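Some notes on the structure that comes next.
Letters A, B, C and D name the chains as they come in the text, with residue numbers starting at 1 for each one.
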Amino acid sequence: MTESPLLEVSGLCAGYGAVQVLWDVDLTVAEGELVAIIGPNGAGKSTLLRALSGIIPISAGSATFRGRPLGGVTIERIAGMGLAHVPEGRRLFPGMTVRDNLRLGGWRHGRAGAGDQDLERVLELFPALRDRLRQVVGSMSGGEQQMCAVARGLMSRPDLLMIDELSLGLAPVIVEEIMGRLPRIAAEGTAVLLVDQDVEQALTVAGRGYVLETGHVALSGESGTLLADPGVRRAYLGIA
Amino acid sequence: MTSVLASSRRAWLPWAVGVLVLAAGFGLQTQLYTDQERVVTAVLMYVVLAQSWNLIGGYTGYASFGQVAFFGLGGYVTGVLMWQLRLPFWWALAASGLLAAGFGALIGLPLLRLKGHYFAIAALGVAEGTREVITNLTSVTGGGGGLTVPTFGADAPTAYLGNDGFYVFFLLLAAFAVLTVTLVARSRFGFGLRAINQDEDAAAAMGVPTTRVKVAAFSLSGLLAGLAGSGYAFQAVNIYPGPMFDVQITVLMVVMVVIGGSGTVLGPVLGAVGLQLLSEWLRANYTTYHTFILGTIIVIAVVLFPGGLVTYVRGGLRTGQWSLLTSIRRYRL
Amino acid sequence: MSGAADTETPVLEVRGLGRRFGGLHAVADLSFSVPPGQVVGVIGPNGAGKSTFVNLVTGHLKPTSGQVLLEGQDITGEPPWKVARARVARTFQIVKPLRGMTVRENVAVGLLYGPDASRHSGAALRLADEVLERVGLVALGDVTPGELTVADARRLELAKALALRPKLLLLDEVMAGLRPGEIEPSLELIRSLSADGMTVLVIEHVMRAIVAVSDRVLVLHQGRLLTDGPPREVLADPRVIEAYLGHRYGRTHGADTDREQPRD
Amino acid sequence: MSQFLQATLYGVLQGGLFALIAVGFSLVWGVMNVINIAQGAFVVLGAYLGWGLATYAGIDPFLGMLVAAPVMFALGYALQRFLINLVVNAPVFITLLLTFGLDLMLTQAMNIAFTANYRAIPTSYASRGVEVLPDVFLPLGRFLTFGVGVGVTLLLAWVMSRTRTGLSISATGMDRGAARLMGINARHVYGLVFGLGAATAGMAGAMYGTVGTFSPADAAHLTLISFVIAVLGGLGNPYGALIGGLVLGLIEAWGGQYLPGSWENALAFGVFVVVLLLRPQGLVGRSYYAARLEV
């Protein structure tokens, strides 16, 4: 690949107040690529996504999206640039219907955008949502909520979709179903950066992966290589 | 106002300053005209009220918007006892303080279970409700028409204290309030309050019986406000439910504490003295615009020193950071 | 470290402990006991119910079923402050320093209100230094918690717990977010507390810490007890690997573990 | 019987106006977690706007409120964007003090501009009444204010749940961080909310002036009413304001009819405190409003 990547992160440091969580993180995502970030709890995976979408400031290093720097840009603007973030815990608007949640997902395209076409596209990806359009999201199962959250992220036709802890608290069969959609999303042109704890699942769908450990990139490479690497298990269980 | 350990070497210093200020208070009295004496008396009363709010709102972190209930209750207990039962003021004063404290414990038990602003507004509801009850118990309280405390002649259970008398009364009461808060701040109880203010779960995990401690703080704050109300009722002679339970009095307590520095001993004193003197000065010199200017000052102070003046100065002395924009950077969206 | 006879009254015993949130069983039918002086690791993937379990023991949550016994005494549903005064101390997963107070004052609260309540704040502040000494924080006594590093904030959390001079110490992820070099001193401290006879439950994600310090490991999964045994055995259990790394990882890689095990 | 019906009718009519007085206060609190002490002053300012238009331009107050609304909206938007926004993330009683300062400024400014005298906005029709049942009269002016109050409150509810802008407001109130991740400009939304709060207060004020007298001194009482209604009904919810308004209107009307003195006020606050203790989220409120403000 000769052109510059869609997302390029180099030497990124970030944290909360005086507390630094990420140390010198390097990472790239190319157009239409599906990349996984795995690592044990507290490794800084969510913090990385939060820094990229502007929720917390980048204290050192750089992150560029389509060549434009992300440091110091507000959350709203970054969302407007086509970088969608499906946050940990889904963070749907609990009192609203699925349809309203999805409509809000397409906010960046203004009154004209987020039309029926986008809706149709995400409903095709997640047909289970079609019958739920009028249902209030708070009353749905965790799996349906996660589908709705991913669909909401896609409504803005983003160039990069970042999903945080997709499998958290969900039954394996649901996880498999949602993860199974990700390659198609990537193939249709939206790159996906997936953060998850389910190593096997995440690396099965993703082409490449990064393993974070205590705020550093401990390992990175092709999914197949990582799956075979004993270092992954060491990062999680602390023993070989 | 240094930390307990650091001050242990010079522990006598704050006490010495306190005694000096008290003495200066007596000395000042001889230098004042009657009008000025009344103004300073009002300032001293607000020192008591601000410290009352400081205990529950500042130290414990439960912002009571109904604190005037204790003031009004104290005033009415004194008024009714002196008017209906011809009890001497000093008995009525004690009864007012105790009843206000008891009332604090009574309403504190259910109310202090509520968090944050729910507690604040429930307390407001209690204050407004108390006023309405007082207004409607006409046979006991005189109702909306108010009551008159007998002060002169054979009718009076205690002779009127006069300007000088009330000055001394409120000076001593203010000293008592400041002393109370100082002792609380340094005691085990004060540590409990501050722990509850910061994190109730963490406090409980360290053995602080949170409900008991909160209720005690509310009750003690009620005592202070009740005593102030009692003295105020005697001084005012004619009392009415509206002014005795005026929500503006509560708001003034909050403003004084927050602007001065909540959860400190000195902050509320500075807040009360500064704001009340400023208010009186504006009233005298800019009669028409006085509340407008006061409002402007509050707006500016809140934006620049949301943590209070004492906290700002202390932070500045400690870190050398005096930027006025720090809090804006922290709290803006 | 362990060596506790089975006949001894367990320091902690839970019987059929459960807690529902709406339809979700955060903790279900949990039963086990811990003899005095043991260091027990409690592990499990995110959402396994570890923190809920701690909250049920300390009274921060009321169980919907079951009992908690402390040295044979039923303490189920007692308020947290009473549990604390019974010498059960805990740390919080998300540290809960008292931000408006100095580090020394933080610790003094526990000394003033804990089981050995001292009446005077001055005395408590002096005693606080002894506790801070133990966790290596004495030099920072006058600092407010906001200025502490992650590691020091975790130490403060520990110091607040130790101020109660506990019999039973529940450590809820005291090592999360620490850099590898910062973990060893914490482990050393846990060992020394155990040597003093304290019973310690270590709830942790950092596996190498669990392995290094525990006499025994409990694995929670979806609110239930998955396994209970010596650390190495537990971590080699395919079910545990599956719970952590995903449902297929356990199947494909579980076999390797059996081969590697004899190395130790 | 007719006495009871008359009191009930009066209470319902009053409740509709109460709803409009409080709905903006409730919205601001629910979405922004700001307790706007200046709400009552906004209402009185609206009344003066209606009064001024009626007195100097001869505009009927029911049309005048359509002028008052955009003026008040602009004032509210600007206040939020340039002042309140500076401390909007501070603990709730910091913003409360700020709006208290604003309240002092506004009230005194009105005292200076309009004097403290009581005024009213007279119309030729407001004092007329229609006998709807034997001995039960429907006062025309109050009926109109009721209609406007309920109408505008329902309109606001519709805007909140059906329009794009309304959705963005609800979303920001439910989870500001997530709303910003959608690209919604939270600062602008806050400006809109405060503007809407001021605009509805202004309209309520113009209505208030047609059915009774007003002066700057009413501001504190009107804020207090808003407090009670918002909490009774549940924060951030226009339907809640409607229910809270009707409950308060009926308590006052029935209490005034059947209780001696002014015990109805004590009753109103009694109900208020009991509702708070039993259902802090309000009668129809949901607890998720203002739940997530960390980003």
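Here is the rule we go by: contacts are C-beta pairs under 8 Å (C-beta built on N, C-alpha and C of every residue); 3 or more make two chains touch, one makes a residue touch a chain.
It should be emphasised that the depicted structure is a prediction, and the values quoted were computed from it without experimental measurement.
Chains that touch both chain B and chain D: there are none. Using the mean of the Cα atoms as each chain's centre, the chain most removed from chain B is A.
If you tally contacting C-beta pairs for each pair of chains, B-D comes out on top. Measuring from the averaged C-alpha position of chain A to that of chain D gives a distance of 42 Å. Separating the CA-averaged centres of chain A and chain B is a span of 53 Å.
Averaging C-alpha coordinates per chain places the centre of chain A 32 Å away from that of chain C. Multi-chain contact residues of chain C, defined as those touching 2 or more other chains: none present. Residues of chain B in contact with at least two other chains: none. Taken chain by chain, the contacts form a single closed ring in which each chain touches exactly two others. Here the touching chains pair up as A-C, A-D, B-C, B-D. Contacts from chain D toward chain B in the complex involve residues 35, 37, 83, 85-90, 92-94, 96-98, 100-109, 112, 186-187, 190, 220, 224, 227-228, 231, 260-263, 265-266, 269-270, 272-273, 276-277, 280. Looking at the complex, you find that chain C touches chain B at residues 58-60, 79-82, 84-85, 89-90, 92, 96-102, 104-105, 108-110, 112-115, 117-122, 124-125, 142, 160-161, 163-164. Listing the residues of chain D that touch chain A in their complex gives 164, 167-168, 170-171, 174-175, 177-186, 286, 288, 292, 295.
Looking at the complex, you find that chain A touches chain D at residues 53, 55, 74-76, 79-80, 84-85, 87, 91-96, 100, 103-105, 107-108, 111, 138, 152, 156. Those residues of chain C that touch chain A in the shared complex are 45-47, 146-150, 153, 173, 176-180, 205-211, 232, 235, 241, 244-249, 252-253, 260.
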